[in-house]
Amino acid sequence: MIRRRIHPETSVSARRTEAFTDGVFAIAATLLVLGLTDQSLGAVQTNDDLARGLLTLAHPIFSFVISFLILCVMWMTHVRQFEWIVRVDDTGMWLNNIRLLLVVLVPFTSSLNTSYDGLLLGRILLPINFFLAIVVGWLQWVWAVRSGAIVDLTPDDARRMGRAGLSAVVISAAAVALSPWIGSLAFLLFALDGLVTRWLRGSDAPASSATDGGVGGRG
Amino acid sequence: MIRRRIHPETSVSARRTEAFTDGVFAIAATLLVLGLTDQSLGAVQTNDDLARGLLTLAHPIFSFVISFLILCVMWMTHVRQFEWIVRVDDTGMWLNNIRLLLVVLVPFTSSLNTSYDGLLLGRILLPINFFLAIVVGWLQWVWAVRSGAIVDLTPDDARRMGRAGLSAVVISAAAVALSPWIGSLAFLLFALDGLVTRWLRGSDAPASSATDGGVGGRG
Amino acid sequence: MIRRRIHPETSVSARRTEAFTDGVFAIAATLLVLGLTDQSLGAVQTNDDLARGLLTLAHPIFSFVISFLILCVMWMTHVRQFEWIVRVDDTGMWLNNIRLLLVVLVPFTSSLNTSYDGLLLGRILLPINFFLAIVVGWLQWVWAVRSGAIVDLTPDDARRMGRAGLSAVVISAAAVALSPWIGSLAFLLFALDGLVTRWLRGSDAPASSATDGGVGGRG
Amino acid sequence: MIRRRIHPETSVSARRTEAFTDGVFAIAATLLVLGLTDQSLGAVQTNDDLARGLLTLAHPIFSFVISFLILCVMWMTHVRQFEWIVRVDDTGMWLNNIRLLLVVLVPFTSSLNTSYDGLLLGRILLPINFFLAIVVGWLQWVWAVRSGAIVDLTPDDARRMGRAGLSAVVISAAAVALSPWIGSLAFLLFALDGLVTRWLRGSDAPASSATDGGVGGRG
């Protein structure tokens, strides 16, 4: 029933949308490291100098790790969604493009976060960037369900995955709200993703799936 | 009938041409963000300083968003074309290479556009870059139709897609013509793509395709 | 028997994990060259000046080549593992993400290695980076065997590949231990990979495989 | 007969070698543009200033175009070879890695070529880089023929493709020899590729293949 709705004449295979997305995520995640190599370590003569220099990099390195891991979370959500999406129409491609635009901005907002973490604005822009990307990701799933781009998934399962996808929206909204006070530490909320997912999805997950977590858990 | 013309001995599967293209587009689109991180925000001490600094970035950010979205338009056109092209010969690969050369130039002409938007030459080079890339893209479709690289598409549908592809050529030519006066705003013309496509293709689009737009609309 | 364990509801096809991994490795390996272009060659007026300038680049070029080749070793290990892994669950994807995080760090630790090779800390961080990435790669194979992500491989063969995978762990640990004394030369130990692999795997390799070496040798 | 030789136990599918290669080529080709954006255009106040500034970029832009197109030639050769190679063993992967190492060096030697084109050494390093990459590419085809990595191609056709592959080796050697005198113009020799290919391959090409050229021409 879901299957028949997407128009074969106005859609293309999702294969290249996946390839383009994998490429953009891979590059955005790798460009983050340029924020580390560009840092000046000052005049280094001894091991102690270098150790001190690397300690001043502690915050940039923490930002790098956090940004990298959240990009991974967002990429995994995309993978789980497109496990079921086989064709995309113009609307689906544009939602994906806007999602990627927000992904590409991450190295920029991440560098602002590192340079100006003493300021409210410096702290809040990176969480907002993640929040927007995650919201568009969730909208893309809503589009997929409505347009009939999903195959081999019952409407019930599709809705349950949508509710599970809300988990990341809720968590990233909370991270935005907390970031003025606790800065990048707010991103540690993402560790709760599995828990919130389970709660939003209800108690219908299969008891046997020990590694169950995130949007990927389909009961 | 179209199918039999391309020579199996002098052509290769289009799969890797697609992979190379997706990679180049993904990297060119992601490199655009380096134009933002490189910008100096001046001496920032307070939230107001940072807000002011980001406001001076308004134009670079606008350029970034526009360039990213037009690269997406060009990538989507490529995807729609290669949905039907399964093999490429030397001519097809060289047309693709020149198309990608023009794509790779975009971060450069985009940075010129940002730095020298007060000058005629600064304003016009980015639209010309897009225009040339789009023309080569259209030539590639002409090649595909003539060489028999297209499968599973009637000659009529192929020609109709070619006319639809002209839409981007017409719009980007108009953007070149208008850019000396209105600068990057000229790119907003691309929002008319769906409309011009429908007009060029004639009124034979299926009434049922609500999300119909761009080259992808095949009646 | 191995096949039945991974949960189809909580796992996705490994295809995109492979694509993301290939992208990250390709970018990390290519970014290494930026460490060369950024080097100042001083004031160059004559061929002799340029030759002298390039000679001062001898160490950065050596570091570039070594880092590139070890990234290739790590990528080949990933390819050999995923030749048998067809689906990944959350645990498998996170192990892969952490592996890639360590891969992405290589251009940074490689630049430290080039700039501070006179210092103990400068010498040891790059080998540690490789060691950690290789350990996580080995853990991913352990996960694959236990979770049932592997198909078409007998448990015996899977265990033998695991032992062969230990080869890189042992060699990179030795490289960490030797690097304070001999610096980047410690990486030449990787040339022993084939030998150590054969030794760890036992003498059950097929006599016919002349090009046999590394994790890929499956008897 | 060719088919049976490669050892299924010590080889993997060539699919990911292709993906890694496409990624490295795409990134190396796109990084070339950074050589343009980094150029200083001087103090630009008027259209004339900008036009003069861009004219001083004429040589870097020419280098960029030439390097991009030769990377395309090398990528096309790879595509044509791997159209027939379905599995790779350790030797095949290492030949590919060294080929990619030389590809990754191109943005570096290309920047040397731009900065020091007045010096013999500055002129000759880029052609040498291309020459070495092309030789390794030709060695990879020799390996493929000998190891039995090729399928669906008669030994005669495989040898004929090898002879055709020699065309690029001969041309790039000539470019090295001429570059001290005519610099980057030596690369225009690559336009003769089709001609030299036909001559090396003998006159057995099918008369019907009008677009025939390069290694791709298989009679």
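All chains are identified by letter, namely A, B, C and D, in their written order; residue positions are counted from 1 within each chain.
We adopt the following convention: a residue touches a chain if its C-beta (ideal position, glycine included) is under 8 Å from a C-beta of that chain, and two chains touch if they have at least 3 such contacts.
Keep in mind that what you see is a predicted model, and the values were worked out from it rather than measured.
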Copies subunit A and subunit B touch via same or different residues, half shared test: different
Reference subunit A; chain at largest CA-centroid distance: D
Subunit A and subunit D: spacing of chain centres that average the CA atoms, whole Å: 37
Gap in Å, rounded to a whole number, between the CA centres of subunit D and subunit B: 26
Per-residue multi-chain contacts in subunit A, two or more chains: 19, 23, 26-27
Residues of subunit A that touch subunit C when the two form their complex: 18-19, 22-23, 25-27, 29-30, 32-34, 36-37, 44, 46-47, 50-51, 54, 65, 68-69, 72, 75-76, 79-80, 82-83, 206, 208-209, 211-214, 216-219
Residues of subunit B that touch subunit D when the two form their complex: 7, 9-13, 16-17, 19-20, 23-24, 26-28, 31, 89-91, 93-94, 97, 100-101, 104-105, 107-108, 111, 115-116, 119-122, 147
